[in-house]
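What follows is one structure encoded as structure tokens, with my remarks underneath.
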Amino acid sequence: MVIVLKPNPDPQQLAALRSWLAAHDLTVHDSVGVTNTLLGLVGDTTAVDIEMLRAMSIVQDVRRIQEPYKCANRKMHREDTVIRVGNATVGGGGFAIMAGPCSIESEEQITAVAKAVKAAGATLLRGGAFKPRTSPYAFQGLREEGLKLLLAAGKETGLPVVTEIMDISQLPYFDEVDVIQVGARNMQNFELLKELGRLKKPILLKRGFSATLTELLMSAEYIMAGGNEQVILCERGIRTFATDTRNTLDLSAVPLLRTMTHLPIIVDPSHGTGIRSLVKPMAVASAIIGADGLMVEVHDHPEKAWCDGQQSVTPEAFADIAAACRAVLPHRCREEMNA
Amino acid sequence: MVIVLKPNPDPQQLAALRSWLAAHDLTVHDSVGVTNTLLGLVGDTTAVDIEMLRAMSIVQDVRRIQEPYKCANRKMHREDTVIRVGNATVGGGGFAIMAGPCSIESEEQITAVAKAVKAAGATLLRGGAFKPRTSPYAFQGLREEGLKLLLAAGKETGLPVVTEIMDISQLPYFDEVDVIQVGARNMQNFELLKELGRLKKPILLKRGFSATLTELLMSAEYIMAGGNEQVILCERGIRTFATDTRNTLDLSAVPLLRTMTHLPIIVDPSHGTGIRSLVKPMAVASAIIGADGLMVEVHDHPEKAWCDGQQSVTPEAFADIAAACRAVLPHRCREEMNA
Amino acid sequence: MVIVLKPNPDPQQLAALRSWLAAHDLTVHDSVGVTNTLLGLVGDTTAVDIEMLRAMSIVQDVRRIQEPYKCANRKMHREDTVIRVGNATVGGGGFAIMAGPCSIESEEQITAVAKAVKAAGATLLRGGAFKPRTSPYAFQGLREEGLKLLLAAGKETGLPVVTEIMDISQLPYFDEVDVIQVGARNMQNFELLKELGRLKKPILLKRGFSATLTELLMSAEYIMAGGNEQVILCERGIRTFATDTRNTLDLSAVPLLRTMTHLPIIVDPSHGTGIRSLVKPMAVASAIIGADGLMVEVHDHPEKAWCDGQQSVTPEAFADIAAACRAVLPHRCREEMNA
Amino acid sequence: MVIVLKPNPDPQQLAALRSWLAAHDLTVHDSVGVTNTLLGLVGDTTAVDIEMLRAMSIVQDVRRIQEPYKCANRKMHREDTVIRVGNATVGGGGFAIMAGPCSIESEEQITAVAKAVKAAGATLLRGGAFKPRTSPYAFQGLREEGLKLLLAAGKETGLPVVTEIMDISQLPYFDEVDVIQVGARNMQNFELLKELGRLKKPILLKRGFSATLTELLMSAEYIMAGGNEQVILCERGIRTFATDTRNTLDLSAVPLLRTMTHLPIIVDPSHGTGIRSLVKPMAVASAIIGADGLMVEVHDHPEKAWCDGQQSVTPEAFADIAAACRAVLPHRCREEMNA
């Protein structure tokens, strides 16, 4: 961390700053320039509150050199984290495929979709039971009942299941769920993250609508700091001025995140584009750039889907997508990071 | 709502769409063009799932004409909503001033600030007890203890208090809190919103980092649909490419929201800019364009604040800001909407 | 085009609107709802000024159904446009690779790079002579002198050359240039676009920092409406809140643009990410999703480049990128549009 | 400027970097930390190419401490720049009002509007002759003919005129124009800016759709570095995800720019919001926060305007807006910067 002092800082305030830094076990190296003096801090600055330093009247600017996350940091943990759940594996060079309907609608629907996606090569079954919807008047998911149907479909097909939690109070229903998803709107629901940090269960953390990569990793850090190191990151599109697609899928985040963290990174091209015909090209692109997997919305009758039908693909289309992804895996552009 | 059909729609699917619409009590008016046929829907379309319609293969596009919110809609409720809390009033032509520290740090601090802001003209006392922080290693607030200190300071000064809730599980601590704040990160924490809809207590709802005005109103609608009509909206800056300020304060949202909704609208220039010297001009601008109030971070020693010190002002500066706002109230540009 | 009238429109104004529409050869189909009347317009609405209609006091909203571009529209021209320049081809299923330095710096440099990229498989040589730089104090390019060096290097290697024009007054120098590039900052320099529309030479049009896809196509339309139909579109990243990369590369724009237009679409992963290590994965992703080509910055000594060295790759790295792209071409996810 | 070196930099490369810095008359102060060494540069770093430094393999990061602009910098020129044009003054505590139609449409129209805005208190007459339009099929302005009409209306009313230039080739027509406007789309048309830098005439420079404040000042610097110091900056809204308004008016940019530069800063609430009813509140807000003036679109029959009618106000509404602005001037929140 580097503190840039304003020209001619008040000596008393500077002395106070120096003792504060010393009290936090930070060694200070001065660099005196013609106009500004720089203080280089040596030590663990993770817990230093950069906002507080910036508020001081003798300080012009503060810059971090070290990342503010530790547990999630690739520098502290060179090896890729590999998460095993049932027969599936996420991270470390494989390619996990999570597929299923946006909303669980009925036993018939989830069972039919589960069988279809398994046959097509999905390795996990996704399905929404608790649904975050912009409108209070829209379908809110089958909730507890939906979870039961999802778990049954998972058992019948042997697929581990992944589904979204919206609030701590729903946790008791998630006992048998294999992977708990935190949605984009809850990426900074810190109380929920802390609670999930107490579990021993993989968490799928979706990037918020307007979250930077560092913020995404800080949210992962909330979970990991609590002791749960099984976090899967998910790029699902960001909100920009560009409204031709529902969101702007930020694919370059995938190889960039791989240099920043050892956690697995998957892509959700369904939400990332919101347009059915774009799911396949963006899925294949995700595979080729080294993503650790995909999350795809599949519905047996997308036109009758209770939500997000516009971006759902049929089981047949999904089979084609999964096959196309598998076909490009030998050509993957995925730099080895463990060295 | 207008449904634009693709050219030459399949007759069977069109018949199915027509029966689905009829089953939802919607009357359909056809408008046959040379290339496309339009279906104009008449009836209450609030609960119609626009996504589902868009997913149909015969549908090219769907456009809403009516707003998807009812309770919050100015059209359904011409009169400004006025919220009374203790001696303070929010909405309807007054100018409420909520002031206090970002974080409650100690009894001395909150009491000193409370007295100072009261003397300077604040009408409500704000203070953070449960603090959403990007880093798990940053100060997380004094929590329950902080709430007690805030309530005591409120009692001592006679100011009603406003403070942020981060999770449903914290609700029991909020019994005596006058106004419950939902932060920007939780604007779409729908389970929390539903729970707050069951209370009979004013809710201060902050706009999310990347929320449109319609999304903000839909979140208010979640609270109101549950029976709690006391919602105060707060513009606090949005996230854009422009990083010269912490956020981009979207001031034109204030007069625009007034045409859309009858709910009170306040502005938070502290978070909206993140820069101390910009708080005064943006506060005065908020007053002049007809905002129903302000939320300002005040700290007796901003340089020692445990969070957000960079944007906090001293009690002296706050007194100057409050006086400047009062001075311009007679010149307010606030169109009468009740007519 | 659909005009949504406000409830109870003034009859005289409505009559005036109807005659105006009739005078523009548009037939009007009314659709009377309970609250609003819709007017569906039939005819060529390309030249209808949507802003003017919106300004009328009886009009609530206006929606386009047909695209505002004609020459660039895939609907009017099903076949992919294929542009031939020297031995190179852009569009129609091939994969053009434009490579070279950000700035032409010397005869040695441009010749060395030209030979290296040709050997590695580049099909066009790029190089900047007129350089748009944010700072007036930064290197502005070798200008006329640079163009001569570029043309010489092109001749020596047999590669057609592509280089940027910044102003109409520079046109006389571009006589022998094979493809003229319009940079992102000039995408809406309409006078320049009109002038380029008078040429019989391919134009490479880069997407503006904050341009929608429709705006990009409207700028192409400026060139095409003048008679020059040889336009190559280039996705080069957009400006968003996300600053981990220099820009956010909007890859899903590529398959989406293919449905909107018949023009070739290439990707610039160098500017799109601004980070050297991301060029390869994003280049390969571009190839796999069906882009018609790439533009890549290559420098023999990136560390000594006079601009954009941070995103330039060495000739060796470029050879690896080009080979990786070629390897995935058989697996391309590129839907046939000509049918 | 601070250069952060990567851990264990190659000694030979470090020596090369040091000689390069010395050759640029920069003194280097080392600050050796446990992991990273920092090099603090002392001297004029304006012309140092930060991109080039970042491209070096031993460099981890580079941070500017000094601003990259000199002529426009408030630090180099404490006094507000005051621009005098005819009887009007822009900057230094006055409040200039530029008003007139988006497009000049006829002699009757521009003369009528000119008289009306003069009577209402406008100090300059604006009007578009050369019009940048997204569509090549939309009205492109009356061009030379329009300029003549504008100049005549200016003479008749005694108001200096301001109008937009789109290309260097149009310069000969601008001889008698008092203030030349550079539109948002041309903010980084550097060749045009350089040419305008050779004039002795005020230039009104509009902020680009996605330009940071530093980029705006760098574009001003292009003009000033050429010798023309009469630059007026104009905030006119930026492009964000928020589409409730045409643009997001970034009002906090005004007081922030005042700390960065001595140049006058005006606001265009017409383009900034795109909604007629928002022009008045945002105009008054601009006056109160210390803007040096306004640019407002006024049309005698907004419903018949050939462009941007939706955001134009009538002469009566303009008179009300101008009066409201004048009324708040005594209450302005405009910090003295000259001290």
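The letters A, B, C and D name the chains in turn, as written, and every chain counts its residues from 1.
Just so it is clear, a residue touches a chain if its C-beta (ideal position, glycine included) is under 8 Å from a C-beta of that chain, and two chains touch if they have at least 3 such contacts.
Just so it is clear, the model here is predicted, and its values are computed rather than measured.
*Asks:* Chains touching chain A and chain B alike, please list them.
*Replies:* C, D
*Asks:* From the centre of chain C, which other chain's Cα mean sits the farthest off?
*Replies:* B
*Asks:* Go ahead and note the Å separation of the Cα centroids belonging to chain B and chain D.
*Replies:* Computed from C-alpha means, the inter-chain centre distance equals 32 Å.
*Asks:* Hey, how far is the Cα centre of chain A from the one of chain D, in Å?
*Replies:* 39
*Asks:* Just give me the whole-number Å value for how far the CA centre of chain C lies from that of chain D.
*Replies:* Chain centroid spacing, chain C to chain D, equals 27 Å.
*Asks:* By the touch rule stated above, which residues of chain D touch at least two different other chains?
*Replies:* Residues 210, 239-241, 243 of chain D touch two or more partner chains.
*Asks:* Tell me, which parts of chain D touch chain C in their complex?
*Replies:* 46-47, 49, 51-52, 54-57, 68, 132-139, 166-170, 185-186, 188-192, 194, 208-210, 215, 218, 221-222, 225, 239, 302-310, 312
*Asks:* Given the complex with chain C, which residues does chain A contribute to the contact?
*Replies:* It comes out as residues 210, 212-214, 238, 240-245, 248-256, 259, 272-273, 275, 277-278, 280-282, 284-285, 288-290, 324, 327-328, 331, 333, 335.
*Asks:* Chain A touches which residues of chain D in the complex?
*Replies:* It is residues 2, 4, 27, 29-36, 38, 40-43, 60-61, 63, 65-66, 210, 239-241, 243 of chain D that touch chain A.
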